[in-house]
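Here the chain labels run A, B, C and D in written order, and each chain numbers its own residues starting at 1.
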Amino acid sequence: MGMMKHLMVRSRRRSLWMMHFCLGGCNGCSIEIMAALTPMYDLERFGILNTGNPKHTDVLLVGGSVNHRNRRTLKNLIDQIPAPRLIVAVGTCALTGGIFNEAYNIIGGANRVVDVDVYVPGCPPKPEAVIDGILSGLDKFEQ
Amino acid sequence: MTVSVIPVGPQHPVFLEPFQLKLVVEDEVVSEALPRFGYVHRGLEALVVSKDFRQMTRVAERICGICSAIHGMTYCRAIEKLLGITPPPRAQMLRLVWSELHRMHSHLLWLGLFAEAMGFESLFMQIFRIRETVMDILEQTTGNRVIISVNVIGGVRRDLDAEGADGIRRALKKVAGDLERIRPVLVDDYSVRKRTEEKGILAKERAYELGAVGPVLRASGISQDIRRTGYGAYGELDFEPVVESGGDCQARCKVRYRELFQSMDLIRSGLDRLSDGEIQTKSKEKPEGEILVRSEQPRGEVVYYIRADGSKHLQRLRIRTPTFANMAALMDLLPGLDLADVPLVTLSLDPCIACTER
Amino acid sequence: MTSMLKILLKNGTGRYATRLYPAEAREPFAKNRADLSFDPGCCRLCKTCSRKCPTGAIEVDKENRTWKRDVFSCVFCGDCIEACPKSCLSFVARPPLPQKHHQQAVVYATVPERSKK
Amino acid sequence: MLESTSLVDADRLHSHAGNLKENGWRLVGMTGVAREGGVDLFYHFDRELKMTNLKVETEEDETIPSIGDQFPGAWIHENEIQDQFGIRFDGLDPDYRRLFFLEENVEATPICRGVSARVSKEPGK
């Protein structure tokens, strides 16, 4: 039994599906997440596959700050993702609202609406930092 | 006949950004399309109240990550005109080099996403691999990959040494070779042509009437390019706008593909004409007056309206982005399409929601 | 059809394109704008950096002689570096590490007292 | 003052815009600027890289005719102006009724000078 469990935990760490959702930012983080998926950085080396369906998702990458309209959309998406899930906030806007924090339609970072597990600073973070961010949160799948 | 309403988005695998299309579908044909925006709206035009005009440069760069260098340059040009200063020629030429590099990265991104929207995954990966060469050279010369933040009011903040210029030339040579190799796939391949030809045709008169800009307008056969007004260092260089006549997805793809080569030519001749000297004109004045400034972005013409009253804060900043103008053309294109073509045609206009909503 | 095949064959035989991060991290470019470093030794607590910062990430407290920067608000634009009259600030080529808690985001520095000359 | 701007009354806007359209001008954009007791509306037009502008000075709560029937791309500009300044456009299609970019809980017209939008920043998790 113990061995089975060990095997399960190991294989879960290496077979995550990921989705990215871009909120009210400049789109730069979204491009860098795309770049992390493509040949030069290739997140698929870690078994991480890009998907568009929240029900298939283990890792959600959030880029951009929350505004009044996308708040509900984000909440809705997160509620559909089955546990255990890893939520990574990518880029300054998703962390605190960044340069747009004082704008009238911005509420703040993604942590104002959901519980974020890993914060990746940078404006925008380099693809290496995105990879670092996802890898550093993988222990969440070991419980 | 069954009529149904299909909402596409806000989260959809093909669109990178949240934006909703409500499609009224009769059987499989779209009869009406209603967009819903506001998922990325930040209200950054109102930030002039709390940030001074120098800090607003950083905000202008973050309107959109894909064309940030040109947004920054346009904002700086507008303020420079109000202050009555001219950046030194070397700064103007460096701005041209970096904005054309930005245009290349944007067009390569678009080509990749377009391939992905067709379902051609390996071409998407191939194009993104080519794009990384451009990203590396941007990172090497400016310090960041996407938001390069080189423009300041009065010039640029980073200089380009001989090594950096050589690096750019080498990278361009490599990109040109790689692009030649994918040319037969993008232009001649049977399946790509089947998927893109005669899809989403925007007629010449209609495109002009709807106020479409940039590659969309040029793909419909109208030669319009704001770089021809000769702002910055563009007046010193000679070039002709890239024009195609088809008006369909294939024509838009060809325009952007050929513009990549045009950008490379501009960068090369820009680097050759790079004069020595200062890179910044300093000014302690505060802007005053009213001005309208236009530039050509990867997606078309951007218009900045600025009103200032001589204080630290601007009175009004208004940015009409190219994607905002193209949105009307998109809504005109969608009715009559097959449902399966909607993502491809939408992407062929290069909708950037971060720009559209600001 | 065959044109794509040619490219794919070339990819198969050519050099490996992927950077094997994190196993083989490449050396960052020397002039990268990835993170900021602050030298408290030369700071005069003049607050120029905090005034120039477009996001309000830097706070300078003259009474307690502290300088702090919120890494999560910083957009790494470099306006503070250009503004600093004593050149206490500089860019670091390596990006900041991902964090698990929001509280870890602030970098503190205490500026030492100096004798008046 | 902007170059080549002509001041136009709201009720004569239609005929001016029609003239420009017949002469091959293209609508580039619209800008609203708040002033005491109203809004200055600019209509920017372009032809062969030259620009011309129409300026309409509106009073508060005034309704302006839409130019959507002459320039079919105008709806997106007019909807945004309606969002930001609360100006109503007569004959606007499609009309988002101030919900184009903004949600219902944004009470004030946000870009008016001196008025910060009265929006609660509390999201409620």
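Assume contacts are C-beta pairs under 8 Å (C-beta built on N, C-alpha and C of every residue); 3 or more make two chains touch, one makes a residue touch a chain.
None of the values given here were measured: they were computed from a predicted structure.
Undergrad: Hey, which pair has more contacts between C-betas, B-C or A-D?
TA: By number of C-beta pairs in contact, B-C is the larger.
Undergrad: Averaged over CA atoms, how far is the centre of chain A from the centre of chain D? Could you give it in whole Å?
TA: Chain centres of chain A and chain D, defined by C-alpha means, are spaced 38 Å apart.
Undergrad: Using mean CA coordinates as chain centres, what's the gap between chain B and chain C in Å?
TA: Averaging C-alpha atoms per chain gives centres 27 Å apart.
Undergrad: Can you work out the whole-Å distance between the CA centroids of chain B and chain D?
TA: 24
Undergrad: Where in chain C do residues touch two or more other chains at once?
TA: In chain C, 17, 34, 54, 75-77 touch at least two other chains.
Undergrad: Using the touch rule from the top of the page, what residues of chain B touch 2 or more other chains?
TA: 38, 41, 43, 46, 51, 58-59, 62, 129, 147, 357
Undergrad: Name the residues of chain A that each touch 2 or more other chains.
TA: 39-40, 69, 98-99, 104-105, 123, 126, in rising order.
Undergrad: All pairs of touching chains, please: list them by chain label.
TA: Chains touch in the following pairs: A-B, A-C, A-D, B-C, B-D.
Undergrad: Residue numbers of chain B touching chain A in their complex, please.
TA: Within the complex, chain B contacts chain A at residues 10-13, 16-18, 38-44, 46-47, 50-51, 58-59, 62-66, 68, 109, 112, 124-125, 128-129, 131-132, 135, 145-147, 352-354, 357.
Undergrad: With touch defined as at the start, can you tell me which chain B residues reach chain C in the complex?
TA: 51, 54-56, 58-59, 62, 122-123, 126, 129, 139-140, 142-144, 147, 149, 157-158, 181-182, 184-185, 188-191
Undergrad: In the complex, go through chain A and note every residue touching chain D.
TA: Touching chain D from chain A are residues 66, 68-69, 71, 104-105, 107-108, 112-114.
Undergrad: Would you mind writing out the residues of chain D in touch with chain B in their complex?
TA: 1-3, 26-34, 42, 44, 49, 51, 53, 71-77, 94, 99-103, 110-111, 113, 116-117
Undergrad: Write out the stretch or stretches of chain D touching chain A in their complex.
TA: The contact residues of chain D facing chain A are 101-103, 105-106, 110, 116-117, 119, 121, 123, 125.
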